[in-house]
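Each of the two complexes below includes chain A, the first together with chain B, the second together with chain C.
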Partner chain A sequence: MHRLYLIPTLLINVAIIFIPAALTIALAFCRWDGMGIPVFVGLANFRQLLADRVFWMALGNNVIWTAIFLTVPIAMGLLAATMMLVARRGSAFFQVIYFLPMVIATAITARVWQGMIYSPLTGIAGLITRAGFPVPNPLTQTSTALYGIAVVDLWHWWGFLCVIFFAALRQVPQEQIEAARIEGASFWQMLRYVLLPGIRPTITLMMIMTIIWSFLVFDFVYILTQGGPAFSSEVLSTLAYRSAFYDLAVGKAAAVAVVISLFGLATTAVYIRLQAKEFDQ
Partner chain B sequence: MRLIESRTTFVLTYTALAILLLITLFPIALLVLNSLKPATQIVQSPLAWPEVYRWDNFVRAWNDARFGTTMLNSAMLAALTIVLVCSTGSLTAYVLARRKIKSWKIVTFYLLATTTAPIQLFLFPLYFGFAKLGLINNVFAVSLIYTAIYSPFAVMLLRTYFLAVPKELEEAALIDGATHWQVFSKVMLPIVSPGILTVALIIGLYSWNEFLIATTFLQRTDRLTAVVSFFLLSGQYTSDWGEIMAAALIIVLPVIVLFIALQRRFIEGMAGGSVKG
Partner chain C sequence: MDRRTFLAGSLGVSLVPFMSRLAFAAGKPVTWWYESAAPAQQEAIAKVLVGGFNAAHPDYSLTVDYRGSELDKQMRVALLSGNGPDVVYTAGPSYVAPMARAGQLLALDDYAEKLGWNKRILPVFLEMGKYDGKLYAVPKTYETLGLFYNKAVLEKNGWKAPTTLAEMEALADEALKAKLVPFASGNAGWRGNNEHYVTIAFNSIAGPENVYKALKGEIPWTAEPFVAAINKLNDWWQKGYFGPDYFSLETEQFFAQMAAGKSPMLPSGTWHFQYIQSYFKDNADQCGFVGFPSADGLGAPVYALGVGSTLSIAAASQNPDGAAAAIDYVFSPEFYGAMNSVWQGEWNTPLEDLSMVKISDTVPALYAETMKTLADAVGDNKYGYTSWTFLPPATDTQLINGIEEVWLGRSTVADYLAQLDATFQQEKAEGKVPAVPAR
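What follows is the complex of A and B.
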């Protein structure tokens, strides 16, 4: 009887996600232009990827992206959340403002940064340049494009982590904090020995999610640079998207999608391992 | 709670928090400020106060981005997705919270697994399949995709609300002769309605803001969503940044007002859904 209650959710989910995902995995071993009949080619798509400079660049960029997002926003979020705990007054207000960028559409955030900050004509960069300190547009330089995009995503993202860490910090037992305070712990000691260990499960989960999300990043890259200039900011998801819809190399796109998923799968496996270990202890 | 006594620590803390506040608000301030300026003044300085208030930026943005049509599309898409996610999600969440079926673990694991799958893993066959079925440029079809993507999140969040309802309530209703369906619809749903409202708000926000699926599946000019039509406006049709920022403000303003008014629900829903998961 109750089994029927699951049918709508599962039906939609299987039709939209599971079946197409299974097809994608099959397509990764085929050559297909999206219209004709797929031709089985074995591992040719993957072999082609291994020889493709752009694929390696995209993968490298995903790794750099992961490294940035594992450190900078998590550190910012933790620090700000702890400071909100110290400040107490006004923490509700700070929390709302820090969270605000999360509710703005990525397309809009991207355009505001592009036009109002990075642009050499209409942006802050242009203003500084005209004042005599030349600032190149980071999005148009091969050496900085990826970091230019990362800054925009950071601005949009860190407040979310801050709010999550703040919520977790408030669950740290009052007695532990009191005890440390009576012992005369400094701010850093409090952070290092009481607060951080107290919210370790939350930090671990957020780091795992960060790794998974870093391999999915799409919107900001696609809108700001489309992976350019000269593929310098290409990531796996934009590579897959362009291969499928611009080059009609759906087999190659599917192979890239499978690679992305493998990273997610590996990360999830590590997380389950960690959880199991924690459970044993 | 008092963490630290020293006065300097307090001053430093507030200074740092204020700096972060400025960093967060600065791009938003630029958005609002420049939406009122003529393009020529933006070129001189994006920071300057408007010499003349160009309210007609908004009129031109509204017309060029065809917001009359595209906002309606976005609203319809969001409404359809909300209805689908809340109705199907609450059914599933109820069963999973009460462990009413033996395979609840497998179903939970499956739903969680789909949240970590990249959209590209199912996007391509879905697109070409929909194209064959004539479902491109179909708002309902896109709302089905959103439902598939967002319902795991909704199920996990709603599950926590169902868990909080005491079992005795259900049992009492069953003893009084209510059917299972009546227990769900007449007893459980009203109690978890705050949770459903939270889910509705967040799903509404996500589908209003969504870009990748919308830009792929809704391409005809009269089917675009507001965000995609903003994207096209700012990419091709104009380099008048006053107009572009005005268009951005038109899309963002209702979201920000709603967010400020219902901040607790938004923050608890968005942050809680991904932590408790």
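What follows is the complex of A and C.
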């Protein structure tokens, strides 16, 4: 009888996760323009992807993106959270300030950076340039476009990690912190030997989620550069979007989506193994 | 509040969205989904299109629903599920064939015959809307590319509007020396702006005959005339004709740059006429427009023909007659005059005879003259081909994105054209190339 309680969630999962996922996987083996009847083409879409240099550029950009987001915002978040823990005064205020970018809609954040900061016409970059110190718009250079977008996403994202880490740090037993203080531990020693080990599960989860989210990144890239200039900031999700909605090649887009999912799946498998190990201990 | 009051109140509130239809809709509903439109443009649609149509057709009640820039995606999903509006607004002829092939559109031949579209609409456009011999779409607007210029800047520097490619290049070089950006241009808001310049190069340098042959598959896109055209376009980029901020400027920003005298020329489409009054303000006559000069041997400027959106009727429409009446209304001289008086460049319906059209005196005469020139060029079969109208979707995407790689030194002209040709041949084999009327 108690198994009946599973039915509502099971139905929701089947309807909004399993069926679309199964359809996407099936479409990856078809040629479809999004309007007519799909035609089965076997592995042709995947073969096309392997031969497509833009796909490899996009995959490379996703890897760079993941590397950036696995290090910079996590380091910034940890540092700020630890400092808030040590110096409690004003921590509530700083939490709000750090978290604020997270509650602003992505589209607004992106447009603010594009128009008010990076733009050579209406932005701060333009103001500095007119003052005699040329500052190029990073979104317009092939060598910096991806990093220009990453800065915007970092600004929006790191505060969230900071608040999460701060919440986790507050759960570290006070006795351990006090003991370390009495023993004369420095700030870095406290961080290295007491605080970080204390919140390791949270850091691991955030790193796993960062990898998954990094392969799903779309909004900031699409709004700020649409993958350009010259594909320099193309990522897998913008490639999939362009294939599906501009090239009318939904099969190819589904194949890209399957590749994205494989990365997510692999990361999730690692996380589950790590969790299982922790339970065993 | 007790539970009964709450339920009654909730029921009442939930009925509010339907009240307008119940209370005010006298006729049978006709639905039309539209892309994004600025408040002033929505006002023009409400007054001229919806108000005008409903007043002229009391049996029908037209409603326009704004779906934003994602209209075509929403439309495809809706049609796929057998829903959607009565009037189907597509993003261009390349979208019509797949929809028609999937049986999502109604053949319009009977309406064209009954309502006289065959006599009123320029024949070329009826050909473009055909799939498998049947008419499925008519253009909502058609446009061309040319060269806007700032008369004051030209006069101040002793320059004159170019009539040949050599004159245009000489003027651009002079502008560079004068620390001006020769071409007001940019693609920050819409990457597709790239294709305006490739289209200009293909038509005004390679020539429309060669473009026609390539579209028909008689010559490849790697043929010498196209190599010369893209080489020239790349030369212009490398010399700095497009300026240092191309990837940062949005459409209205670069138009404002031209109006402010920072650029003498703006090569782009006739839809820019809508910005003249906003940016030139009281000096609207200071904005000039000429056909983009052609290379030696091509003669007069080539007017590349573009159709940015089309109108069809959904196969699942509950009111196809009402939808046909709405489309018919759009093809009336009265509507053309009233709409183009308040909003230029987006409702240039392909009427064969513009003599009955009356446009407000406040609209620059240049607009009407340009549209007349374009209509004559189309009528005389002397027109070129815009990429967004005549290329299949993936080829067009490659054309737009690939040119940035050429400009930024990440690809060669030969590789760019080879990839363009490979994509085109594949889509051609899949039957995705839109109809190309015979010359």
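The criterion applied here is as follows: the second predicted complex is superposed on the first by the 266 of 281 C-alpha atoms of A that agree within 3 Å, B and C clash if a C-alpha of one lies under 4 Å from a C-alpha of the other, contacts with A are read in each partner's own complex, and residues count from 1 in each chain.
The working rule: contacts are C-beta pairs under 8 Å (C-beta built on N, C-alpha and C of every residue); 3 or more make two chains touch, one makes a residue touch a chain.
Predicted model, so just to flag it, every value in this text is computed and none were measured.
Participant: Looking at the superposed three-chain arrangement on chain A, would you call chain B and chain C a clash or a fit?
Facilitator: After superposition on chain A, chain B vs chain C: clash.
Participant: Mind working out whether A:P101 is in touch with chain B, chain C, both or neither, as first, second, both or neither?
Facilitator: A:P101 sits against chain B, while chain C stays out of touch.
Participant: Just chain B (first), just chain C (second), both, or neither: which does A:A255 touch?
Facilitator: Touch partners of A:A255: none, neither chain B nor chain C.
Participant: Classify the contacts of A:A81 with the two partner chains as first (chain B alone), second (chain C alone), both, or neither.
Facilitator: neither
Participant: Output check: A:I199 vs chain B and chain C. Expected answer is one of first, second, both, neither. What do you get?
Facilitator: A:I199 sits against neither chain B nor chain C.
Participant: I'd like to know which partner A:L121 touches here: chain B for first, chain C for second, both or neither.
Facilitator: A:L121 contacts both chain B and chain C.
Participant: By the touch definition at the top of the document, which applies to A:Y246: first (chain B), second (chain C), both, or neither?
Facilitator: A:Y246: touches chain C, not chain B.
Participant: Quick check for you: in the superposed arrangement, does A:G34 touch first (chain B), second (chain C), both or neither?
Facilitator: Once the two structures are laid over each other on A, A:G34 reaches both partners.
Participant: Looking at chain A, does chain B or chain C touch a larger number of its residues?
Facilitator: B
Participant: First (chain B), second (chain C), both or neither: which does A:I211 touch?
Facilitator: In the superposed model, A:I211 contacts neither chain B nor chain C.
Participant: Now for A:A21: first (chain B), second (chain C), both, or neither, which partner does it touch?
Facilitator: So A:A21 only meets chain B here.
Participant: Superposing on chain A puts chain C and chain B in one frame; which of 40-48, 76-84, 274-282 or 328-336 is the clashing stretch?
Facilitator: 76-84
Participant: Going by the contact definition given at the top, which residues of chain A touch chain B in one complex and chain C in the other?
Facilitator: Overlap of chain B and chain C footprints on chain A: residues 34-35, 121, 245.
Participant: Going by the contact rule set out above, which residues of chain A touch chain C in the complex?
Facilitator: 31, 33-37, 114, 118-121, 137, 139-140, 142, 226-232, 242, 245-249
Participant: Would you pull the chain A residues touching chain B in the complex into a rising list?
Facilitator: For chain A paired with chain B, touching residues are 1-3, 5-6, 8-10, 12-13, 15-21, 23-24, 27, 34-35, 76, 79-80, 83-88, 90, 94-109, 111-113, 115-117, 121-124, 126-127, 155, 159-160, 163-164, 167-168, 174, 177, 181, 187, 190, 202, 205, 209, 212, 215-216, 218-219, 222-223, 237, 240-241, 244-245, 250, 253-254, 256-258, 260-261, 264, 268.
Participant: Residue numbers of chain B touching chain A in their complex, please.
Facilitator: Residues in contact with chain A: 1-4, 9-10, 13-14, 16-17, 20-21, 23-25, 27-28, 30-31, 34, 42-43, 45-47, 84, 87-89, 91-92, 94-95, 100-101, 107, 110-111, 113-114, 116-129, 144-145, 147-149, 151-152, 155, 180, 184, 205, 208-209, 211-212, 216, 227-228, 230-231, 234, 241, 244-245, 248, 251-252, 255-256, 259-260, 263, 266-267, 270-272, 274-275.
Participant: Can you list the chain C residues touching chain A in their complex?
Facilitator: Checking each residue of chain C against chain A gives 72-73, 76, 79-80, 98-99, 101-102, 104, 187-188, 191, 244-249, 253, 393-394, 396-397, 401, 404-405, 407-408, 410-411, 430, 432.
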